[in-house]
Amino acid sequence: MDKRLQKIAAIEIVVLLAIWQALASLEWIPAYLSSPYVVGSEMWALIVSGELFTNAASSLYRSLVSFLLVMVLGIVLGIAAGFFKPVGIFFQPIVDVLNPVPKIALLPILMVWFGISDTTRILLIFLTAFFPCFIATKDGVHGVKQVFVWAAENMGASKFQILWKVILPASLPKIFDGLRVSLGLTFVMMFSSEMIGSSNGLGLGFMILLADMAGRTDLMFVSVFFIALLGFLFDRILLAVRARLLWWSENRG
Amino acid sequence: MENKTPAIEIEKLGKVYTRGKEEVTAIQEISLKIPEGKFVSIVGPSGCGKSTFLHIVGGFIPKSSGKVRIRGKEVDKPGPDRGMMFQESALFPWKNVFDNVAWGLEIQGMEKSKRDEVVEHYLKLVNLWDFRKNLPSELSGGMKQRISLARVLAFNPDVLLMDEPFGALDAQTREKMQVELQRIWQESNKSVMFVTHDIDEAVFLSDIVVVFSGRPAVVKEIIEIDFQRPRTLDVHKTQEFMDIRNHIWDLLHQEQGTSDEEGM
Amino acid sequence: MKKGWKFLIEYQSLIWIVVAWELVVFLQIMPERLFPSLSKVLVVAFELITTGMLLENLPITLFRVFAGFALAAVVGVPLGLLMSRSKLLNDLVQPIFSLGFPIPRVALYPILVFILGLGSASKITMIFLECLFPIVLNTYYGSTRVGKLYLWAAQNMGANRSQVFWRVLLPATMPSIFTGLKIALPMAFIIAILTEMIGATAGMGYLLTYMSASLMQEKVLACVVLITLVGYLLNLLIQKIQRKYVFWQ
Amino acid sequence: ACGSGQTNQPAQPAGEQKPAEQTASAGNQPVEIRLGGGFASEEPFWLMQVDPSLTPNQGKSYTLNITQFRANADRLNAYQANQIDIASIGQGATMLAASQGIQLKVIGSVVKDSPGKGFNTKFMALKDSGIKSMADLKGKVIGIPDFKAPTDLWARAAVRSAGLDPDTDVKYAVIPIPSMGEAVKSKKIDVGVFPQPFFETANASGEFVEVFNSKTGVNVEEDFLVMMANPDFVTKNEQAIKDFLSDYTNTVKYYEENGEAARQKLIDAKKVQADPALYVKMTDNNRSVDGTVNIEAWGKIQEMLVAEKWLDKPVDPNTIIDMSYLPK
Amino acid sequence: MENKTPAIEIEKLGKVYTRGKEEVTAIQEISLKIPEGKFVSIVGPSGCGKSTFLHIVGGFIPKSSGKVRIRGKEVDKPGPDRGMMFQESALFPWKNVFDNVAWGLEIQGMEKSKRDEVVEHYLKLVNLWDFRKNLPSELSGGMKQRISLARVLAFNPDVLLMDEPFGALDAQTREKMQVELQRIWQESNKSVMFVTHDIDEAVFLSDIVVVFSGRPAVVKEIIEIDFQRPRTLDVHKTQEFMDIRNHIWDLLHQEQGTSDEEGM
């Protein structure tokens, strides 16, 4: 990771927090906006009690499983749809139709099938985060230069080898564009999926809900922050992986 | 020889590119029979349809009419029996030079130690062993072309299809590559189909030179060249060489000016 | 005849979905109250249209979607392009996105309501924020991949910075920009619905909660079908535009 | 008392084929009761989770699995999807569901909004807003958390009682309850609705004044939240339900008698996140200690719902209310 | 002539490419002074640094050391005074042939009617007027090169930098283009810097031929050629032509084999 970037990120965060704290201390912003100090101390309390981590663990489990699914299915289907015309034609209408569906509305149906379970939540996250990855992958495949495929075919590569060894690496830069959006959405949806009701009562999204229902914006901010933090962490991990895999590319990042 | 199955047989081949409602006829009608083990050059004006022709023989793009057979088998898709060297660089930008050359061998399932040996051999042949760890984007135009050459030679197909393989090379390197190509071809029993702009090169290397007309391409003349093999660069100075060269030159000169002006 | 056949093939996946749907209803795999037959849903959807409910709410939602989305595009595309040209700007903006995008903004929407009110302003802002990330990212990465020869050629012909920017970088990045727009548009739509579900007096999201409050799943599904239909059409529109402007790929 | 003598076939709503995972074997295994609740006013349920000493039967004849949902509709969907056996849900929603043919049984009351007894949900405005009486409401905006919900009914009924037309003389805006205070303060709305514990917070700030309350227009004893149960499940697990309700009433009794200590327990167990200082001391709504609902009042509420056209066809409350499982 | 400011002045130019920890010296040290209005060719082995050199003069990539001045002004960024024709196609894929050629003129603010006239003139010059509505992706390699030529000529810069501009052209088209380029250059007062692999072409066109050594490039020899202008193709047959040609040939032959073998 870029040292300079880290530094700038750190400075930005500190400045933002400082402004917020100043506004809060001067009481220029309403009390419900809380203040970094209050949020910080609440966060510390939750860290000490370990509560934050148990909640984060449940949430992370859901979002990472979903993201893994997004990654595997998004890339595999995206490549298949981009490369094989019939597959692309088959999937195009489904994607076009399902993409704008407000997924929350599908909840009752998912619930019948999978219960109020992690499966339902994971599916919900998956259904939202899938599309950016799929669309970017498909567009990436369309952008692959024809001669690369020809050269591979020419050397007797099988369809699978072409997909795996030519199409995949050639569209990888664009795939990562999509993955980055998907990853962010995963964390956003982690919250929404826990809003529907949580049976074991664990999860950062559930914490937000609970705090919100009790009018505790400070606690809400703690959870929101922690989600942001986790999101940031994983975003950086993704960028690092990207830089490694795209070492050959001019914009490895 | 004539009654054996020809290595390459092209029958009334035609190609029309369409884009929306417009049509461009790239190849009018070409018929050709190339016996096994021959070195065939194709020359013709810029934009007449040489690359298109090679792409069809390679099985990369569909033809509009006619038939293409390699050793009696109809061509309908690319295959490792025909090694193609494209006019533009087709090196994978995500693999370094070594891995680019090794790629095809790996696909063919050649074992690693053998593969490394072969790759080293051909990279040294094109004078680029020292650049094996570089990425294609870090090479000059001529270097990329030499890597592509190494790649297709290492791959060792029965039929070599080469689209202006030496176009970006300086005269010296080009000569060296010509000599090497001739040697490799002679040692094996390959058939070569070689597109070039350099009439000297065509005459020097080929058993047969096929002259294409301007677009839409038809075969203007087929010239057999039977200097003894192996040929050395001295061949260039013989009268016979000069005559053939000038003849082709004249043929092409007739084409000049008609090639692109016909409109589309 | 041939055209009809082609149409069937092209949309076969949807036909399969419809068939599967009706099959689930027919075999009573799901409680009918939660999973009414498509025909029933369509009848209800048609009612929604004829009773004017759709016409009352759809334009409001569409206005918000377009406003937020257009704003995100107008800001996001130049920002993404600029980030690829200026390391400083990129370094400044990247961390904000890394940190800001995973935040569940919808959870903070009520706070936004205090600042901007319940009307369209807060919703358009949310949509804008939500769409910005995919648009900026795809534009940014896309423009870093633009072959340097194109930029060189343009500079060489005396193009100044803004000409290089608008007339080379922008068109050369177009395919990636459209990827971003295609990802963002449905998101805009969903966010419009979500924010309208949280607090609104009109719009498709409001209609959806209203129907959901009246406890009739077929009405809810009818809303979803209508929303989907509109989203689908919007998507077609953007694809059409894409085909017009990125014909060269 | 163990859950003996029960037939243990899967509980199915509306002839559903979905197997319910919680089916207990015919033996001594406790029956799992899946209860769907919300985030407010369900202190007794939470206490049942927190303090086992109040529930002698829990773990023996039944176990309790509580899932929290945000909206009534979510709970009802989960109920229809056979994901919960008992829903803690609004009275109006129950009637609405029943009138649409959803099979259900109301087996007990959770919390009430009774005239003159316990807390009544308040509608408040800013002190300096100039809204002193109901008459000042004309042209003003009232914030409610949801349409067609009790708060909506209360507001409309109150407006009507002041001689105004609830459809034309005032406007409504949907605002999440937790944001209500700020919405009023920032003048996004003129009047907001404050249930507990938000009333305590708002009241403590000293900036608000009550304009009317839930009983201003609806002057009957409402069963604000009730337990709506799956009829099949109830008949098949009769003993478990009885044991559960007996534990429940036991808990309510304790809660009514030791309100502050009980709420402190919830705070300590982190069941409730509200500001402890205000929460522990708050005045809570009225609850029925024996769990009974007020059938007579149901009829009155239903009349109002029909009058508002929220309910198409009335249902006979007697057909859906079944208090036979409550301890005698 | 010597005391005027030279059109192009290069002083101890050096260029090192770095990638991670590795370094490739592409240009060792080059000093050159080119007077106004001269036609200069650069020849050298493949990968020696010719393109790199032109890119630095064009202002596209930073130099590692030394100075480059055009008409006394230090070069630090690209500018319309130097028209570059790249080795690889730099045509905009989203514009058709006509608009590609018109682009630079539009940027310069030339009015539409004038612009259309100029574009038509140059497209006809390269024989591709009929393809004006096609996209670059629908053209053959040689056609793309001719469009690039039309683009840079239409643009009419004071200094022309051309990197193997005729590499993909057949012999006839190439000759025609050579003659046209010579005419255009003579009619104007342009300075031309022309990279080529074709020694004949270099000798035929140039006032000065600069021979580069193998990588890392240094100037091996500067050869002045003073056949009278305008030259016709017959020049090729003169003894003097042959002598110069063979001399350059020999110079380059010495380079052979040393160019790439040094490693990196």
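Note that the chains take the letters A, B, C, D and E in the order they are written out, and that residue 1 is the start of every chain.
FYI, a contact is a pair of C-beta atoms (placed from the backbone, for glycine too) under 8 Å apart; a residue touches a chain by one contact, two chains touch by 3 or more.
To keep track of the chains, here are their UniProt names: A, C = ABC transmembrane type-1 domain-containing protein; B, E = ABC transporter ATP-binding protein.
From a predicted model like this one, the values you see are computed outputs, not experimental measurements.
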Required steps from subunit A to subunit E (each step between touching chains, minimum): 2
For subunit A and subunit B, chains touching each: none
Copies subunit B and subunit E - rotation angle from C-alpha fit, nearest 5 degrees: 180
Pair of chains with maximal C-beta contact number: A-C
Subunit C and subunit E: spacing of chain centres that average the CA atoms, whole Å: 49
Distance from the mean Cα position of subunit E to that of subunit B, given in whole angstrom: 27
CA centroid of subunit A to CA centroid of subunit C, Å: 17
Inter-chain centre distance, subunit A versus subunit D - centres from mean C-alpha coordinates, in Å: 36
Numbers and ranges of subunit E residues touching at least 2 other chains: 88
Shared-contact residues (touching 2 or more other chains) in subunit C: 31, 34, 110-111, 114, 148, 217, 249
Interface hub residues of subunit A, defined as touching at least two other chains: 30, 32, 108, 112, 212, 249-250
Complete list of chain pairs which touch one another: A-B, A-C, A-D, B-E, C-D, C-E
Residues on subunit A engaged by subunit D in the complex (per definition of touch): 30, 32, 51, 107-108, 111-112, 115-116, 195-199, 201, 209-216, 219
Residues of subunit E touching subunit C in the complex: 58-60, 77-80, 82-84, 86, 88-90, 92-95, 103-104, 107-108, 135, 137, 155
Contact footprint of subunit B on subunit E as seen in their complex: 17, 19, 24, 43-47, 50-52, 87-88, 127-128, 130-131, 134, 138-143, 146, 164, 167-174, 176, 197-199, 249, 252-253, 255-257, 259-264
For the subunit A and subunit B complex, residues of the former touching the latter: 147-148, 150-157, 161, 165-166, 169-170, 172, 246, 248-250
Subunit A residues touching subunit C - in the complex, by the definition given at the top: 2, 4-5, 8-9, 12-13, 30, 32-33, 89-94, 96-106, 108-109, 112-113, 128, 131-132, 135-136, 139, 142-143, 173-174, 176-178, 180-181, 183-184, 186-188, 190-192, 205, 208, 212, 217, 220, 224, 227-232, 234-236, 239, 249-251
